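Please go over the structures that come below.
Paired with chain B in one complex and with chain C in the other, chain A is shared by the two complexes that follow.
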Partner chain A sequence: MEFLPLILLSGLQVGCVYAMMALSYFVIINATGILNFAQGEWMMLSAVFGAALITAQLPYPLAVLCAIGGATLVSLLAERLVIRPLQGRNADINTLVVALLGILVVVRYSTGLIFGREEVRLDGPLPAEPMILGDSLFILPQTLFVFGATATVFAGLWLFLHRTTFGRSFRIAAIDPLGAQIVGVDLGRVRFAAFAIGGLIAAILAWLYGPLYAAGYLMGEAPGVKGFIALIIGGLVSPLGALTGGLLLGLFEVATAYYIGSLYSEGIAFVMLMLFLFVRPQGLIASRWRLG
Partner chain B sequence: MIRRQFTRRVTLGALAGSALAATTGRVLAQSNDPIIMGVTFDAAKQASYYALLMRDATILRVEEINAAGGVLGRQIKLLLEDDENNPAIAAQKVEKLAGAGASFIFEVGSSATGLAAQRMAEELKIPNGSPTNVAEALTKPHKHWYFRLGLRDSIATQGLIRYLKAKFDNPRLAVIRDGSETGLSLSDNQVRFLLEAGFNIVAKEQISPGSVDVTAQALRIKASNPTVVLVSGASIADLSNYIKAHTLVGTKAPMIGNNLFATTTFPALAGKAADGFMFVDAVDMARPDVKAVEAKLIARYADRAKASTQMIAAYDMVDLVVDAIKRAGSADRAKLRDALEGTTNWHSLVGRGGTNVSFSPTDHDGITSEKQVVIRLVRDGQYAGSVDF
Partner chain C sequence: MSTPPTASALLDRPAWPAKRLAIWGAIALVLALLPAAITNGYYLTLATNVAITMILTLSLNFTIGRIGLFSLAHSAFLGIGAYLTAILAQRHGVSPWLTLPVAIAGSCTAAAIIGVPVLRLRGMFLSVATLAFGLFAEVFARQASDVTGGAYGITGIPPLVLFGIPLRGTGMYLVALTVLLLTALILENIRLSRFGRAIAASRDNEPAAAAAGIDIARTRLAGFILSAGFAATAGWVYAFFHLTLNPYVLSLDITFVWLFIVLVGGLGSMRGTAAATVLLGIGPELLGFASTQQVLISGILVLVVVLLAPRGIGGLIEDMEHRIKGTTHG
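And now, the complex of A and B:
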């Protein structure tokens, strides 16, 4: 029990990363029906751009903003140059998902080619020195930043969806696309906004995840997979599902690693995925938008 | 009639003459043709972070040799083939290089692709080898056409064992490893050798690839009260996270890594927590002859060549092969293989100072003794020479 608070903090930190990635999937899948597996790559781009800009001596805040902006722009370009033309030709969802998988491969390996394959350090916005809270408890300033940024992004999305006219049309499009069109919602605009918001969330996540790990062209893979599993666990229909699924998965992984053994924690995400698909395929939060 | 016979004679003579001229020309052309050597490497996948360094060191050394007049009066032409870190593709690329007339193939990708490339090269009877691949199976059982300059797994672990025995009395060992395929394979081998040597392994923990937090693993290792923690695997970012967590939870046991920590970015990734970190390697960067080559590599490739033992080994391997071609007096595959096998006391940059490489009909490993293994140290965020033991 001595280390329970440390394990909880650790699990929540991991869970926030998964929840943020799940949220970026959620925004796009709800507004467009498309499962965009390239979300992890937008995160990777933001981190790799950022590391390169910091190395090039750009002031830190400017480097962060440029990196987030650049990665979000690539997400928008994917929508504008690939998804929109394909939808114009009545391509089905499977074609769009495969096209995005193609983008994933191109973005990942061309980034490796341009920026190099070695993982590099990505500094966070706060000092790296831990804060000692007791004999067996410490917290990194970056962990506090992860908690704060996750809360801010989820709250920001909630406000957008519930307190703005465009956000409401976003929700209507998610619930009934045909009905939304009848009442005048521009689905093309909603799709464009979904790619912008999804890309932005993934790009912000880079600055939560990267300083705790590293920046490199393969870094999008693990959070991409775990974020998707978190979304399945939490449910596809509400941001609260992304948050619940992410935190639960993070806590389970870390608790398994500590109490049972890390040799077994590797598979816990996939065990949970299978369990939910068989027992509760709708996920934990099944009601659309109720709390989200 | 006479005119017809004369015409026939002239025609036959002309044909014979042109045939002779063609043959002579071919012989002349052959002697001036470049010697073709192949390089299989990973251009973009998981092994690329070191494969590209080694490819570049190979290119630099070949350019230097060519600039100095080549070997046996012939230039060396390098053919570069991306193995995509895929064993099946690596084998195909060896076949392609064989078709292009390669006299030797340098395999600078992962051990897994190296094994596939080696099998194909063995079948096609092409001398081949690697400067750094560690897989035991590359030379055990013995391969007729394959030559390894660097450490193989068991020798690296024997070197580690020698260090552990010299510094600790019956140490309690804990192992932390990353969950990548290469990481698991490297760590499994290391653990097997350590158990065979009678060491007591008190904890074995694993990091999922891409984990942001390994506090749980660090706490479990601390609870096992180890004397030494072995940090073993291939994913430097994951293992660097452990090194940070190890320090944060207050574990005092020293950490020793395997031989993949010689990357340019490791000290920065692990930060202050890497202070005092040691790892097994094949090259002692403090040697003056190694420093001289490092300076050339840095002049060409800037910071990415700093303290890169992989680049040193790749550079050295070109010299080893060129030396054999000179002794063979030919780039013929069979003659080159025999000359490589006959290498005796060849001064190498790989290994501790004074290491000489000799091959024999039953041993194609350059480093054959744990006494040649180097234990390197990280201090103040930089590689800081090697440890005496």
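And now, the complex of A and C:
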């Protein structure tokens, strides 16, 4: 049991990454009904772009801002150039899935082509030395940064959705798109803003996840899939679902890796997804979304 | 078209007209004689790879275009088939031919197990759930080194032997071609069969299909399992063609390329899928692009097709046929 605090800490840390990813899916799916497969790639772009800017001797805060801004901009470009024309001609959901996967592949491989295929280190905003808290207990400043940033982003989004008029129009668009239009909600604007916020969250996530791992053109794949699984586990109805699902998945993964073996920790996400689809397809936080 | 079709004509499966048989026979003959024209080993390898890819794209086209299941787990089914084949033949000395039924049974079982919960999902949710299975399979192959050989994979797979002759080069091309033609023939027959029409009905109008007595969930599951069987057969050919196997075969990006081929070809169109497989399988290689850039090229191409020509190559072929025959569709 002596490692329990460490398992909890690192489980929550991984969980925060999944929760943020799930949240970026949630914003877009809730406002537009689109599950944007390419979310993981905005995170990857932000990390790879940022690492290149830091290497180019740009001051750290400026590099972070440019990277986040650049990745968000690409997310908006994808919405404008691909998603909007497709929704404009009422393309079916399959066409959208393929278009999103097309965006994912094009972004991933052109990044690999432009920035190289090597994984590079990405510096976190806080010093790298661990802080010793007890005999076998230490914590990385980056871990604290992950917790703090996740809490801030979730709180910020909650305030936006519940306390601002524009945020409320997001929720109306999710409940009843037609009714929303009747009361004057511009669905095009909502979709644009949803891609902006979703892209922004993923771009911020790069600076939580990147320093723990590395920056490379393939880094978006695993968190991208796990973030979706977290959202299914938690439920698609509110940001709380994303948070619950993410933290639960992270804790389970780390606990499985420690108690059973790291080989099985990768499988646990898929097993949990199957279990939830079987037993509670609406997710932990009950959802009004029908999945089947 | 003066007499209306009788009820029995609607219920019976349409016969194969002699013209269609002749076309299929001619295609098979030309492809079988191809190695005689190709003397360069590189082009033969390319042709074999295209044949293997086409087994996968045709069965993926069946899953997506005919059943309407946007599954992204095809690489996992290919991988299960290929790894079962390699492990049995290389480590346990099982006869290469006997590994085929095991590979198919393994993939079909996996498809049945994940199919039950996953096929309850719709649209994008089904895609991501199958994607999660594909990712799981890839990570498993990378990490379970005791079983799969880890990142290095399995080498030294013994070749297929027919009448005492080990099959390599031209021999494996003919094996791949045989499997490909059988796959195409079976899929084309299914399209015309009762099962195939039940599948199409479930895709196009669920309430009507259910009212006509079709068990939609079971029909879809059967189709899903069937397509996993084709993917496993492709994996079996793959293992004996390359004689080595590593987790790259399970890469999700490769699944995306197959998906893009199906879309560029035009959903549901077998001819279009076949044409797009040849185009994307050979084109970038001949133009001198590296294989990683092939993924990028297929991604760009699919975006162009989705935005500008939503019905793909198959749609273009149909339009041309209609123009030649002087009729309009729709």
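Here is the rule we go by: the second predicted complex is superposed on the first by the 286 of 292 C-alpha atoms of A that agree within 3 Å, B and C clash if a C-alpha of one lies under 4 Å from a C-alpha of the other, contacts with A are read in each partner's own complex, and residues count from 1 in each chain.
Here, a residue touches a chain if its C-beta (ideal position, glycine included) is under 8 Å from a C-beta of that chain, and two chains touch if they have at least 3 such contacts.
Only a predicted model underlies this, so the values are computations on that prediction, with no experimental measurement involved.
Once the complexes are laid over each other on chain A, chain B and chain C cannot both fit and instead clash. Contacts of A:159 after superposition on the shared chain: neither chain B nor chain C is touched.
Contacts of A:222 after superposition: both chain B and chain C are touched. Of the two partner chains, neither chain B nor chain C is touched by A:77. When the two complexes are overlaid on their common chain A, residue A:94 makes contact with chain C while staying clear of chain B. Of the two partner chains, both chain B and chain C are touched by A:109.
In the superposed pair of complexes, A:212 makes contact with chain B only, with no contact to chain C.
Looking at the shared chain after the overlay, A:263 reaches both chain B and chain C. Applying the stated contact rule after C-alpha superposition, one finds that A:86 touches chain C and leaves chain B untouched. Overlaid on A, the two complexes show chain B and chain C touching the same residues of chain A, namely 109, 112-113, 221-222, 262-263, 266. The touching residues of chain A, counted against chain B in their complex, run 3, 6-7, 10, 13-14, 17, 109, 112-113, 116-121, 128, 130, 138, 209, 212-214, 216, 218-219, 221-223, 226, 253-255, 257-258, 261-263, 265-266.
By the touch criterion stated above, chain C contacts chain A in their complex at residues 64, 68, 70, 114, 117-118, 120-125, 127-129, 131-133, 135-136, 139-140, 143-144, 252-253, 256, 259-260, 263, 267, 292-293, 295-296, 298-300, 302-303, 306-307, 310. Partner chain C is touched in their complex by these residues of chain A: 34-35, 37, 82, 85-86, 91, 93-99, 101-106, 108-110, 112-113, 221-222, 225, 228-229, 232, 262-263, 266-267, 269-270, 273-274, 277-278, 281, 291-292.
Looking at the complex, you find that chain B touches chain A at residues 43-44, 46, 48-49, 52, 179, 204-217, 219-220, 236-237, 240-241, 248, 263-265, 268-269, 271, 304.
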